[in-house]
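Working notes, beginning with the structure itself.
Naming follows writing order (A, B, C and D), and every chain is counted from residue 1.
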């Protein structure tokens, strides 16, 4: 392989700093060339010990820094649209954390902008596609060995929610992972959504509808149900069972050690997503770097980011109305085909 | 203990014959005193090798046979109402296989007839309440250790359905077990039901809506979802996960032996309900005999049989309309209180 | 079936009282006809609520009581030889708790006495043969599906040992179950034993060699290793993995409910053998009653009781010497063949 | 971080080629600077697509190539001693695949040569120490939460053995991993070994003693048993259960997906060690590169390589004699302390 890929990282917060560490220490083939953050101190801290990194408060300045060949966007969601368009304007391959853009209108503008380029530039950060368990499930479903998938039963549980988490964010932020995972696993678009609200847990903050139970229908008649429970109190759990015509397959109960002591035979439950999906993040970034060095863009694309936004918006409407809401997607731009299901 | 309890068994078909064997060979404290079946030959076969059993084609004659102190009804559902009323008229304790009575109207008549007696006489055959795993789950929920239950995720799968199975029977016959189990586990009545139809499996007979996905709401806001799939192709599986405020508990994946050979590390899946619930049937009948010998009736009662009928009818309406259907129960007769949730 | 089998129970201690309850309340086909215990009060308590039971302090008087057709010996081990011979003299079928007779000399006298009768009368209480998991493993091994068994890895763990437990009793009392189970599973006699003493646990009483690690060799070259740890502190665990030419099979990790809460995803561990093997005891006694009513004796026999005694004695010698000790069995009496491996 | 670490790889066979790929594509911070292999063509193939790599048939020439700052030895075992001494002479940090040196005499010479340097230069390729499951177990044992470890029960199974595998190689090549893992987990030296030979599997080549059962004693009285079975037929399994004073912990049954279909509920078993320990190899090499760039050497050292050789030699003697063999280690050189247990 040739030279290391020079990456500009936008955003040096929790996730951005983790990606900087990953690019510098874990993933081969890349180097951190520049970092932008409105808080210059925070940016400097994040690159401490790494030589030759341009640090700036202005994302555009960073994109134009010498040696920048690719962009990783880890800034807050509202800054994504501008950053994506700036990367497109410079022809730089992008890895953009989710949500691609908050709201389906901006998301559609990004899809269309990329379509006008006539080639893919953006990969969206749906990292579950890089998780070993999900990949095994996907591979089994694609093999046809169990026949067609008829249902997915999913659970998505967090120990507790951040202070400002709203009822809508259970859909927009948490379930958006299941939206992408379901589309990817089934190879189908989601066509309708119904959100049900069981009584809320005493462990959830006052006013938060938690847990919720979300039902998706797909274009070829599969059913996807998702329990989302962001104050479950015990750990971070992501489970998925695919029920197919000739069998079922379940992921998310993986364990590595059984400890038998007073209290029973116990397996540890991960406490957060950075632990549960640590390898998936590594694999995602490695895959992006490898492709970028070959001049390619793979993985989930802007269409996936857009559909996730549309479905989540429908979900929030269903949460509020209590009724089933259909999903209306814009026509998919031709001729280039970013990732995701095709009808 | 005193003398053996003399039991009249109505019906000598598959289930009746199994109960005759159980009363004679497995459960202590009882003896088969009389058996009725329209097919006298079948009845005789079922009691081969048992001494002193009166056999008749007429159920009433059998109830009046000498030494009959209790009745086990295992005849087809349409015969249940008359048999129950005949037992009530004679003051005999009854164990009645499910469905108690097909249809909610007849079921209500039975509830009211028992209410007029002023005491319980009937136990209905919801045998899951006697399964060791369900009992463990019930006991955990009742302990309050996990806080209030918010959701039940259930699956009910059969290898294949009998030839004449209809889409409505997935609710009436299969899901009726979950209806009772959910009411019992949660101690709450079910208030509404929605039945969703994913695409049917290629493994299901033409025209059968299989699998179905059934959602129940409860009077205090819990949510119960049930996957029912009667042609799943691989085994008989009954699973239930209770998601509570402080943790979750799951039953139905019990195994007894792990065999590791070419093909992986495998656990056997039971092939039918008589295997999966063999011990539950034994325990149910033993419990009924024990109580009857003490002059008592315990276990699920006529109110449970009635509510199961009402909820199943609502489910079938939802299956047909595709809409949510509310459950309307008649007022519960006073003053005697058969089993089941009280509001 | 005909009349109930009248059973005399010798010994009304912990185990005897449990068997009295089982004969009276759980197992069909039998009734408690008489009970002997040196402590007459204890015997009376054990039969409270059961009609028509003869109670006496003298076992012989009890064997001669009217209606006694079979004997269940649950008295302390040193009383067994005399009781067995008395039952043989009267031609009564016996179920004798283990150890059949403490010490191989007395055990051999019992074998020879039964041999002189020319027919089997005694079943020895190795109840693991009636455990559903062991039966499944036995059935798999016998099927030949995994080829020949080459090794058994066993663990036998108790929460804590009784106050007067000695290092030799880990072999004589605990491992004697594995001795019989291994012979039965493999269909082979054990030919040598080596006992190793790792450092003792701080949780074991001073001076007790606990845990121990026991190695058995068999007549056709299989190897059986047993960890015995009677102060493991967390529960009662009995595990067995059979390693065969084409795969392995493991029992003893069965669970019925997974509870996920703070602390992980946990399965309960049974706290004592009466819980773990409750069903096995029921099945053992039911099987014995069924056979006795047909005039037969099945299950493990006096030869099994004798070989267990011989192997345990060799084990205790190895524990003391630290060396490998060969097992020397007396010639097996002909022509009647009690249960157990034949060379 | 500064420049990439220039690594010379000795040996471009199966393992060497895999390490070349890992250094080039997976692990950050390193680059392949030079490769030596007697077969120059094989070396060239292994570096295809990597720029600026010196390729030579002479290891010494490669160590002297420009840009070489560290050495990874993946040549056949007999070449290791010379390569290690050559690296020591140049002061280059080394990662040496196991066995460090075949035979304890050469191994001791390497220990002494490094001791004369007065600092560590060599890390030995016991990659299990870098496996996530082993690390979790080690961390639990070190926490003292379960009290002192008393026993380790281990199993090491391969689908089938290479054509020229000998009975001694089950100890030298396979069990050597358990030798190191046991020393590391327990923090104790092994003091004696006994090898038992159950009958061999029909699935093993004629003349190969497979399986074997190996018992190690440790300096503070723990017991380690290892089933090694290199023709088990079904997969690659490495299991370890640590039995401690207050509980037990088991690794090696990790699963990622449960597939329920005709045949049961099955988990996949890895087919070879490169799959099972893929992450461990990555983590091992990453850890070595990270340390080397900081001028350090961590991980298992030459003392660990030496003791593994001595214990394996004792094991082979026990295999041949059938008797217990004590382990005699040379005095440990002072003052520098390579890794491994200290008395």
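The rule is short, and it goes like this: a contact is a pair of C-beta atoms (placed from the backbone, for glycine too) under 8 Å apart; a residue touches a chain by one contact, two chains touch by 3 or more.
Since the structure is predicted, the reported quantities are computational estimates derived from the model, not experimental observations.
Of the two interfaces, B-D and A-D, the higher number of touching C-beta pairs belongs to A-D.
The chain with its Cα centre farthest from the Cα centre of chain A is C. Centre-to-centre spacing of chain A and chain D amounts to 37 Å, using the average Cα coordinate of each chain. Taking each chain's centre as the average of its CA atoms, chain A and chain B sit 44 Å apart.
Centre-to-centre separation of chain B and chain D, using mean CA positions: 58 Å. Residue positions 233-234, 246-248, 253, 255, 259-262, 268 of chain C each touch two or more of the other chains.
Contact residues on chain D toward chain C in their complex (touch as defined above): 147-148, 150-151, 153, 155, 196, 198-203, 211, 213, 215, 220-223, 225, 227, 229, 232-234, 243, 245-248. Touching chain A in their complex are the following residues of chain D: 1-2, 24-30, 49-51, 132-133, 136-137, 140, 145-146, 246-251, 253-262, 268, 279, 286, 290. Across the interface of their complex, chain C is touched by residues 233-235, 237, 253, 255, 259-269 of chain A.
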